Amino acid sequence: MQIGMVGLGRMGANMVRRLLKHGHDCVVFDVNPENVAALVRQGATGATSPDDLVAKLSPPRAVWLMLPAAITPKIARDFAVKLSAGDTVIDGGNSFYRDAIDLAAEFAINGVDFIDTGTSGGVWGLERGFSLMIGGPVAAVQRLDPIFASLAPGAGQGIVADPVTGTAPMGYLHCGPSGAGHFVKMVHNGIEYGVMAAYAEGLNILKAANAGMQNRAADAETAPLAHPEYYQFDIDLPAVTEVWRHGSVIGSWLLDLTAEALKQDPDLDQYGGRVSDSGEGRWTLQAAVETGVPAPVLASALFERFSSRGEAEFAGKVLSAMRNAFGGHLEKAK
Amino acid sequence: MQIGMVGLGRMGANMVRRLLKHGHDCVVFDVNPENVAALVRQGATGATSPDDLVAKLSPPRAVWLMLPAAITPKIARDFAVKLSAGDTVIDGGNSFYRDAIDLAAEFAINGVDFIDTGTSGGVWGLERGFSLMIGGPVAAVQRLDPIFASLAPGAGQGIVADPVTGTAPMGYLHCGPSGAGHFVKMVHNGIEYGVMAAYAEGLNILKAANAGMQNRAADAETAPLAHPEYYQFDIDLPAVTEVWRHGSVIGSWLLDLTAEALKQDPDLDQYGGRVSDSGEGRWTLQAAVETGVPAPVLASALFERFSSRGEAEFAGKVLSAMRNAFGGHLEKAK
Amino acid sequence: MQIGMVGLGRMGANMVRRLLKHGHDCVVFDVNPENVAALVRQGATGATSPDDLVAKLSPPRAVWLMLPAAITPKIARDFAVKLSAGDTVIDGGNSFYRDAIDLAAEFAINGVDFIDTGTSGGVWGLERGFSLMIGGPVAAVQRLDPIFASLAPGAGQGIVADPVTGTAPMGYLHCGPSGAGHFVKMVHNGIEYGVMAAYAEGLNILKAANAGMQNRAADAETAPLAHPEYYQFDIDLPAVTEVWRHGSVIGSWLLDLTAEALKQDPDLDQYGGRVSDSGEGRWTLQAAVETGVPAPVLASALFERFSSRGEAEFAGKVLSAMRNAFGGHLEKAK
Amino acid sequence: MQIGMVGLGRMGANMVRRLLKHGHDCVVFDVNPENVAALVRQGATGATSPDDLVAKLSPPRAVWLMLPAAITPKIARDFAVKLSAGDTVIDGGNSFYRDAIDLAAEFAINGVDFIDTGTSGGVWGLERGFSLMIGGPVAAVQRLDPIFASLAPGAGQGIVADPVTGTAPMGYLHCGPSGAGHFVKMVHNGIEYGVMAAYAEGLNILKAANAGMQNRAADAETAPLAHPEYYQFDIDLPAVTEVWRHGSVIGSWLLDLTAEALKQDPDLDQYGGRVSDSGEGRWTLQAAVETGVPAPVLASALFERFSSRGEAEFAGKVLSAMRNAFGGHLEKAK
């Protein structure tokens, strides 16, 4: 099946490669011509501009966008005006689900379908397949089934639909009307932040298991460590994360990756600990707040990322100022 | 190799079965004689009392305890006095790691070794193998290596030790001196609580994706839902959890089990939502607090369990009393 | 000075009374004619409809709305069309600050000013005065200064403006352009939730200081209480909250009210513990999330309110289902 | 009444000054002779050693300790052996309440009473009086009533005991048997951390109200700010905290101090934002965890302090390593 792909970063390029491998015809465009050239060498058809990409597609056309959330709605609109009734725009990025609802309604006026497809799998998707969470009109989603089926992990593995969960065992799912795909992906990422933070906090505690072997100040500004004799362990984090991968309750793909990373660099010295967040964790929290659902774990995970980037600094200054004001406590130097 | 097993509940009984399958000689005891009889039928040697169990073991004896944390230290001491220098007591339960440090020092006086072995794998361990986190003296741990190797998932699968992580790829690990095994298992369970809570909160948010289709009060006591048009999704949780299992970043064994549970009972009506906690989550938090490591995600996960059992009720009453006092807000009926 | 007041609930009625006391001319309207009649008996001029209220005001008119957030924008628009250039609409309710920005821009087209005024003080404002956080165009805010000054606590107490903080010591403040008043009030309430929760959690812990005197199950589903001998206190909460009011670091008006409430009803049996939230806590969190500011305390406080209303139930069911799936743990009955 | 005071830091020295002002006879000792000399100039009797202090007291002696928690038990034991039956040791520091229970039982063998007295009020206690939370045997507490009454805020103000809350309105309270005083003070400080954090987070959000006026990256690593037009406020924090002091629901002594600090230094540039914690917040959390009481707000407040000192760094590195591993996300530089 023919498809246009716009945005050939890590994710987009790998999706094209996987589609080519499964025999699809990919017309590709990126603002960086080198990214286009690389995929042309692997069998894709290059486009020199959005117009060129549209011209190279046969109706009903399908244009898949893999772009940063901040610019996706604008680019989607740019394409929608170049397309005709019966064509489809697919947004596979980490966009806000409400944009999908709005864009779908807007494009429907001219008969252009809009499909929002949450795409998980990271840089491993080329090899493992991508987990796809799809929202949009039934007919358009069904028309693109061969594309979804090839991107998903089940491709070529003889997995069949399940009477209860449909195509889910193959690794893709039509989750509902426009927005449902990005909504499910949003919550997926919210969960991802929480799961990651659980591991990260636990490993930080394991690292501190030798606290009793450190010197500790004994002044009124420092909480005493009551039982140093119980904190005398030097835990081997690469080995512990490895053993957890085998038969423990917390085995997971994220743990697999963490164990590997720790094996390469046990102290993770190459990182500074400033953690980015890219939108979905925030939107998940917004959804929780608006619908009145408690989400303290997901919120804590998000706030830890903010704090890792220094965003709690002024709050800390307020606390130090208060402590000085009521108790004459001077802030300790680093 | 010969081993005595005391405590034949879900975990202990399955461990005996796995050891029998791998050709070990198991002498078993439980306060409930039926539990003993059941394993005798499967090839174990039954004991009628702790003394009988000790009598049926040949030196150097090894007695493995799988008991609730609250009674383990007492039973361990009862056995220690029946044993001789060179014998070993293994605690495979979810005990506090400090008890292991204390018991090991106590028993060492008479030459009895004590090994603390965190055991993960739940009711699936018989089939999948158990992930073992071991603390204690090197010689005793090495003496019992055949037992650990058989219990662990690697048994009979041709997996070999790794130059960096040793036996970890086989699913068992000597984590350090006495207490290290239970310490690592404690943090494992702390992480487990956090990971579980991340999924649970996320699924709760997905369930609320239809909030815009519900009626909502419009009074000063109710936060308005600004955009009901963006909460119009009926998400199919069994299908979504299934699709996440295939290629997504949050794939895990816990997700596998969750998807299966939702497939059987999409609304989980058989549960009331009162969640137990059995110690390790609390001790993990205590370790975090004592060593000064931030653990907001693990803490939130634990507190959600407390709240699920009604333990926040008085705090809620205080809040309602305050709201009434300053604003004349009457508490809304259920 | 003349002012129209719409919405004569607890807050609106008390504000009228305070304005009357300070010699202002109040024209009042409410959908409930009894609320109007009650204030007419105290010196206000009654209106029978929005049109009647507008007719009874002399230009430049000022109409102050004290209404639930969910209906305020609609009613504000209804009045704006009845008013003329130079008139002012003031929203003193707990409205979303973005509505203020939007409404101000909308009304400005016809020369009608819109002022957003966060109003704190609860049912005690009549006596203590109301703390006012004001946003809007400078000229309009200055025109209404006599009203703000009378409502605020400083009225008639000889307090004067401060060179650094202006009118703040009198209890009212022009915080910035449209929306700034409600933004500051929003964060005020976000803080309020956090402060309230801190007291509520602390009192709940004090109540549990007798945990060692209770019976406790000793099974694998229950965390053991390691040291019951250290939880043998029956704490007198009315006395403790009272002593904290005198010289302690946590003295506050909320504590004053809490101590009084506990004195009347030490177990707070008249409350069920289901705590409402009315919008600002949610919006505060949304602002924190959007701007990337960590707010774990404010988030936790909000989520506790959600949980108190049973909104965590499905998450609890997911946790119980997981525990059953991996460990065969049956949920304990209440 | 005669009393010995040991530990003449900020708190101890001010307590001596207040006792002298109320006519008590104070014998004072500190490891720093200058601290002794300063108080001798103000009317106290100096002691050159613990033995000298004991010698200068007439039976029944009372020795009040104001020392860091880490050394208090040792010093208390040193004094206990120098004292006789009928004498009393008072610990007024921020000690762990369990030490009080243990020390009281230990000293009782020789008839020496031990009283634990939580002391709040900070450097302002000299002027405002100290809020005292007292635990210990009834007779000993009553014997020292003149001391407690003079230290407390009610001293000389004609406040009398209340039929319901006893001496609480005067600012001191016998909370229960040994340990009860420090337990109540511990929870007091736990609450204090939560209240402080609520203000600090809220002020941090207010500071970010101008986020829409800042430039923001538009890449896949940065969450977009959807509505910059709604974040255009430069909030005057000194003025806002001042207005909140007058009639708002969140008025408190801590807010009074915060407003003053912001007035002196609106950006709090003299602080780095590294916040100490001195034990009670940790013990409060431990009590919550052990008794199964949810305390997410108090926990979050404590963890923010840990994070402010860099203790989350390794967790952040784990998160960055995971993000790199699954998504090829490179950590952004500062």
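The letters A, B, C and D name the chains in turn, as written, and every chain counts its residues from 1.
Convention: contacts are C-beta pairs under 8 Å (C-beta built on N, C-alpha and C of every residue); 3 or more make two chains touch, one makes a residue touch a chain.
These are the chains along with the protein names UniProt gives them: A, B, C, D = Decarboxylating 6-phosphogluconate dehydrogenase.
Everything numeric here is computed off the predicted structure, so don't read it as measured data.
Asker: Most remote chain relative to chain D, going by C-alpha centroids?
Answerer: Relative to chain D, the chain with the farthest C-alpha centre is A.
Asker: Given the two chain pairs A-D and A-C, which is bridged by the higher number of C-beta pairs in contact?
Answerer: Counting C-beta pairs in contact, A-D comes out ahead.
Asker: Where the centres are mean C-alpha positions, what is the separation of chain A from chain C, in Å?
Answerer: 37
Asker: Per the centroid of Cα atoms for each chain, what is the distance between chain A and chain B, given in Å?
Answerer: 29
Asker: What's the distance between the Cα centroids of chain A and chain D, rounded to whole Å?
Answerer: The separation of the two C-alpha centroids amounts to 43 Å.
Asker: Where in chain D do residues touch two or more other chains at once?
Answerer: Each of 122, 197, 199, 201, 204, 223, 226, 249, 253-254, 282, 290, 292-296, 299-300, 303-304, 307, 311-312, 315, 326-327 in chain D touches at least two other chains.
Asker: Using the touch rule from the top, collect the residues of chain A that touch chain D in their complex.
Answerer: 9-10, 68-71, 94, 96, 122-124, 196-197, 199-201, 203-204, 207, 218-224, 226, 253-254, 257-258, 260-262, 265, 268, 271-279, 282, 296, 300, 304-305, 307-308, 310-329, 331-334
Asker: So in the complex, which bits of chain B are touching chain A?
Answerer: Touch residues, chain B against chain A: 97-98, 101, 120-122, 125, 128-133, 152-154, 162, 164-173, 175-177, 179-180, 183-184, 187-195, 197-199, 201-202, 204-206, 208-209, 211, 223, 225-227, 229-236, 238-240, 242-255, 263, 284, 287-288, 290-301, 303-304.
Asker: State the interface residues of chain C toward chain A in the complex, per the touch definition above.
Answerer: Those residues of chain C that touch chain A are 249, 282, 285-286, 289-290, 292-296, 299-300, 302-304, 306-307, 309, 311-312, 315, 326-327.
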